[in-house]
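One structure is given below, encoded as structure tokens.
Per-chain numbering from 1; labels A, B, C and D assigned in written order.
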Amino acid sequence: MTISLPQLIEWRREFHQFPETGWSEFWTTAKIADYLEPLGFEILLGKQIINPDFVRGRNLAIVEKGIARAKAYGANSKWLEKMEGYTGCVAVFDSGKPGKTIALRFDIDCVDVAETKDPNHRANQLGFASRNEGEMHACGHDGHITIGLGVAHFLMANKDKLTGKVKIVFQPAEEGVRGAAAIAASGIIDDADYFAGSHISFCANSGTVLADPKNFLSTTKIDIRYKGKPAHAGATPHLGHNALLAAAHAVTQLHGISRHGEGMSRINVGIFKGGSGRNVIPSDAEIKLEVRGENKAINQYMVDQVMQIAKGIATGFAVEYETEIMGEAVDMVNDAELVKLIKEIAMAQPQVHSSDQDYSFNASEDATILGRRVQDNGGKAIYFIIGADRTAEHHQAEFDFDEAQLLTGVNIYTTLIEKLLA
Amino acid sequence: MTISLPQLIEWRREFHQFPETGWSEFWTTAKIADYLEPLGFEILLGKQIINPDFVRGRNLAIVEKGIARAKAYGANSKWLEKMEGYTGCVAVFDSGKPGKTIALRFDIDCVDVAETKDPNHRANQLGFASRNEGEMHACGHDGHITIGLGVAHFLMANKDKLTGKVKIVFQPAEEGVRGAAAIAASGIIDDADYFAGSHISFCANSGTVLADPKNFLSTTKIDIRYKGKPAHAGATPHLGHNALLAAAHAVTQLHGISRHGEGMSRINVGIFKGGSGRNVIPSDAEIKLEVRGENKAINQYMVDQVMQIAKGIATGFAVEYETEIMGEAVDMVNDAELVKLIKEIAMAQPQVHSSDQDYSFNASEDATILGRRVQDNGGKAIYFIIGADRTAEHHQAEFDFDEAQLLTGVNIYTTLIEKLLA
Amino acid sequence: MTISLPQLIEWRREFHQFPETGWSEFWTTAKIADYLEPLGFEILLGKQIINPDFVRGRNLAIVEKGIARAKAYGANSKWLEKMEGYTGCVAVFDSGKPGKTIALRFDIDCVDVAETKDPNHRANQLGFASRNEGEMHACGHDGHITIGLGVAHFLMANKDKLTGKVKIVFQPAEEGVRGAAAIAASGIIDDADYFAGSHISFCANSGTVLADPKNFLSTTKIDIRYKGKPAHAGATPHLGHNALLAAAHAVTQLHGISRHGEGMSRINVGIFKGGSGRNVIPSDAEIKLEVRGENKAINQYMVDQVMQIAKGIATGFAVEYETEIMGEAVDMVNDAELVKLIKEIAMAQPQVHSSDQDYSFNASEDATILGRRVQDNGGKAIYFIIGADRTAEHHQAEFDFDEAQLLTGVNIYTTLIEKLLA
Amino acid sequence: MTISLPQLIEWRREFHQFPETGWSEFWTTAKIADYLEPLGFEILLGKQIINPDFVRGRNLAIVEKGIARAKAYGANSKWLEKMEGYTGCVAVFDSGKPGKTIALRFDIDCVDVAETKDPNHRANQLGFASRNEGEMHACGHDGHITIGLGVAHFLMANKDKLTGKVKIVFQPAEEGVRGAAAIAASGIIDDADYFAGSHISFCANSGTVLADPKNFLSTTKIDIRYKGKPAHAGATPHLGHNALLAAAHAVTQLHGISRHGEGMSRINVGIFKGGSGRNVIPSDAEIKLEVRGENKAINQYMVDQVMQIAKGIATGFAVEYETEIMGEAVDMVNDAELVKLIKEIAMAQPQVHSSDQDYSFNASEDATILGRRVQDNGGKAIYFIIGADRTAEHHQAEFDFDEAQLLTGVNIYTTLIEKLLA
């Protein structure tokens, strides 16, 4: 191995200073490319790895702000151009020898949280806090990028000993499960025999690896927008087409979607915005919701019901409507071969004392879309958790994690690669 | 005049014994025809006077029961055949001389009320109570028929003195405002220059005639039926298409139809029946509603909204639906010429002391459909109220009215005819 | 053994002729008492075995009709008096020797189905069809009674060989899960060490015994009634308190009760009746619903939400309301000791070839309330299924079952008793 | 008369530059006081004229921003202190002689509109555009203040000729009908024999005075806020108390409030904001609505229904709630004596050619609260409209009006005062 923990920590702290929210990771993507191209990786960007038809929850204003900021921070314009407005990259390692292909996935976006100003917070003490107000690597994706870079160095350092290929996917917009679908649909990992992804910390402490989380929930995030016709609420209420009232009725119907007989389902309308003035029949309303299902079929049942209701409401209230899928993830079952390997590899790390714990994920991760894509093509997939002590829960302003576990992560991946490709 | 009060009373009490609910007035219609054909009237029946496309709220089981009962009571089969299943008749008087055409309307159906068993009730004392359990002439339409017969006798007795034509419309199914639309749409009164209709008693006592009631409300009665798919509520709720839930949401949307800026509107879902078992996703639901409007346009706005909502709900819940118009009436403004005439004629009756009172009807009557039809064709129309003391409110089991006012009614109509046709 | 199959069949066909719907099983109860008292059983009736506070879904009109009919059929007035209006009985066998106490439960009510008139239906061929129009033993409870009688005969025939006690519970009103709660709350089986109950046929054919059905759902059946104030929908709509609109909104809220994060939940409003006339603001509405939960806690969560919503709606619409619990059942896990015994006993029957199949009940049975009561008191409980071929599904007008399995049922129970008490 | 049109225009343009939204008119109030105190008026401020219990729709952040800005603009701190945080003032003229008391009302707040940057807009051409971004005198209240100042100068210039008292009310927060209730409730005009108020321009052009607008609608503006409990929508949805869902159901119920049989009613939920994240059970929601009625009683019926529903929803969803009245106005009928006077006075102005036109206001103005207060105390009241050509509709960024009509306004008021007090 060629990568030391201090190097990993240096990288992590650099990325920590430049957190970028989903689909605006221009500086981050360019920096990764800057680091990996010289090592010999082929760098794939933009529509090479993103199918625009499957891009979810991408806000153009945020994209443009991200590009401008990346330029201001001096991001390499060569990469910015090739990105074509779409963040993320895939770094391809080709051993030059026949063999298996492994896809690894590291997510690179931050969350919309303002980092604490507490002087005791390590990033404040050591001067590596976020420079982007209201954005923070509070979910540990700075660590994920770092592990990806560590693995990349390993690959090139051990090119002679390895066969086949490794595609390191640096995925944008994991928050809101928005980025994976577009990468999967690009076909870029369709030749993969193996897929692996992971999260650092999460609910596990340093010394624990959760090799086989269960119950990844399928989910779809949907926005519904109604557009009616304004009218004066006192004088001519009958001339209005009331988008707010339509949306309110939509909410009452959505929450009443029948439970599914074959497994868990969920629905939540989390945000409602409608109307402009108290005395105007509201002409605009938007609701933001998510559905979940124990599996893809149940989740799809929920999506179908949502779409049906959205349309029925528009019909009944004579308002226009649009629905937009803002994010999605699926359920996935880890392949036993890879679970067994990760358990063994993890336990071989001196600092790890447990890799065999049962764990129910009970949440959604869009790495599953990539994993299922590989499985559907006949390959094998795994998503696991690398324990790391943390100072606060994920997404909190005070979040930080045990940086020593970055090396644990790199070692697990590199050992896995050795076992599969050496 | 050839008709005496005792004759009128005899007729009224005969019809009182055979009350028939809307669209089942087979005995009544046949009896009227039996009385009037020998006098020289042309009797029009069935599709001659009924346009089936505009028949409202006609229940086939009730029709068949009515036919069977009329036969059992010995109704003339000649008329039953010609009726083609549709009750009501128009008796045409033709003076043989050129002149104006007058359409008069008398409604003939009863209400679904069981007549009181109280021995002090006159019909019980004198033995002319309803023979049809659960049906009763508790709205005075037996009196209306009687006045129509009285007028008919007058016409033939005075044929030489009169010009033009009179069409006496004996209308079925006024209750629920169901019968007039089909008669109007048959075109049978499209040649009328004048239209007159009236109600006995209502809110006025003996001695009062209300010559110009105002505020007839436009109304439409609508049934909405949803048909879904049953499923076991415990095991496979997701397989059901819930008609009851759909109808419940329809109710909440219907009551929320926006008020109209230009005048009074109303909506009421008066009846809801849905589902068959507690543990079955309900596959059937029906709601019965009415809308009203200060005028036809506002009422139509309400109807349009109802239809839109009914459809939107069906779309959103993936259930089948049907809507049926069960009744309708419009607003109507009496023509000044006829109001003036009726006021004068009424005051010329010795027993009448008032004909000039303001009165707001604030309810619906489908005579307005016939009156508006005549007005729309350039004619003039009136609907007035012949006061009569009553023993209880209309539609009560104890209802009876001052039979002496039958003669008042006949005299007003015959004097009007003299003034218009002599 | 002293009971022959022909005797069992004779009993079954006798009870089949006198089906009585829940809480009206007066003839049935009296007949059972007539059969068992002479054998030496103590017969407990009325409030000895029924806690009126926990009686669910008992309609007084049906009770009175049941009593009158039972008298007309010549039911023993001694028993009718002791019943105090409450059906069902417990027959107590006391060996006179110390030992364990076993509670057995056989349900005795019929379903509200009119038996087929098909001449090929065995009950029609052999003349033992239902004499009570609209009621039929279409769920096999006539067979349950019969097995109970068979077991009773065995007990007395083998009194010398047995120790302890057996309480044979003949439970009313299982349909709608209405009867068990009142028996449990009477405390009559609180001394039981073992509890056993079963269903004949269900989904299993002759030769199969399902010794350990899983997933009994907790459920509560609730009626909600709203009482408002009528008003004329055209003239004075603001004076009404709209019970139908209240109930419709209740339905929309009830179906939107949040899913539970810890397991399956269900809700269904199966029946809605409201209003009396299209033009009257409805003053009355009733909805009939059920909730279910994977366990008691989740079911209780649903019940709590329903009660909260019922009250909130009454507050918001200024209407009066009442809620009534119409039925209830709980989840139950069979005790391993009894499962093992039943499996062995079943396989020892020559006609049984399978007793080891997995089966998910996925429905509700109020025997669980009795079983859980015994378990909560430290005892052990089981509910199993005695396979029997059937001619149609349960609750169908054409239902009949393989009567030979009555003997299978008796043999399983008597062997169980021998193993536990001999 | 001592006031020239150029002086009026100068004042109007000064106030136009410092528009202040409702309850933040600190600079405006101080400036009025600065102008009127030296003339001899008693200046009443703060709780002398404002009853805090009846203050509607006053946002503390806006108040504080207003105070800070007024200080920055150099507002007289003497007045700022006396205001006690409440804007508006009453300038009292006392002739020293016995006589009638007249209350005049001029509203002083602006609207939340950014003034156009169009160089052709007069305020831009002549350099008197709004200095407060996002705020603009786009409803002509700068003109109202100006007329009030003009009248004030007249009073002092003619003190010898006049009897009695005049109270000139400079009212804050007319937009949203928020300010009048607090002034009325202070009792400051309870000694008035006459009340007069007016609007400039509105729908009338230069040369027209509308002396008797009809159909002022009673209205109440209400905010409802629900506070529930957040929970993770995937893992623990049952732990949430869903404020957004509660508010959505509230909207569906509110729009379904029954029409009133005795006259026009309105309801509109104009704004809905709820929830914070797609995957969080929403813990907060707010809706902003208004009701209206043809008269106070019908409006109050609507308010009562709203309050009932707001509470019922809170009960049913187990969420906390608060309601806040944000504004209110009543209906008012002008007194015939004053209508006659204003018509005559208006027609005596050379530039006015019409004062007799029928006009239906069909909207709400909180001057009615003050007018009705005076009427309820036995006095007489009027609200009229002073026509003025305008460049755009009120509340538009391009709004401006014919400044020559400021003098028309002053002359009408001063003539009225002469007629009543001289």
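We adopt the following convention: a contact is a pair of C-beta atoms (placed from the backbone, for glycine too) under 8 Å apart; a residue touches a chain by one contact, two chains touch by 3 or more.
Bear in mind that the values here come from a model prediction, so they are computed numbers and not experimental data.
S.K.: Report which of A-D and A-C is connected by more C-beta pairs in contact.
M.R.: A-D
S.K.: Farthest from chain C in C-alpha centre terms, which chain would that be?
M.R.: Farthest from chain C by mean C-alpha position: D.
S.K.: Centre to centre, by mean C-alpha position, how many angstrom separate chain A and chain C?
M.R.: Going by mean C-alpha positions, chain A sits 52 Å from chain C.
S.K.: Identify all positions of chain D at which a residue touches two or more other chains, and write them in rising order.
M.R.: 234-235, 237, 245, 249, 252-253, 255-256, 258-259, 266, 281
S.K.: Enumerate the contact residues on chain A facing chain B in the complex.
M.R.: Touching chain B from chain A are residues 234-240, 242, 245, 249, 252-253, 256, 258-262, 281, 301, 308-309, 311-318.
S.K.: In the complex formed with chain D, which residues of chain A make contact?
M.R.: 176, 217, 219, 221, 233-235, 237, 244-245, 247-249, 251-252, 255, 266, 268-282, 285, 288-290, 292, 326, 362-364
S.K.: Please name which positions on chain C make contact with chain A in the complex.
M.R.: For chain C paired with chain A, touching residues are 252-253, 255-256, 258-259, 264-267.
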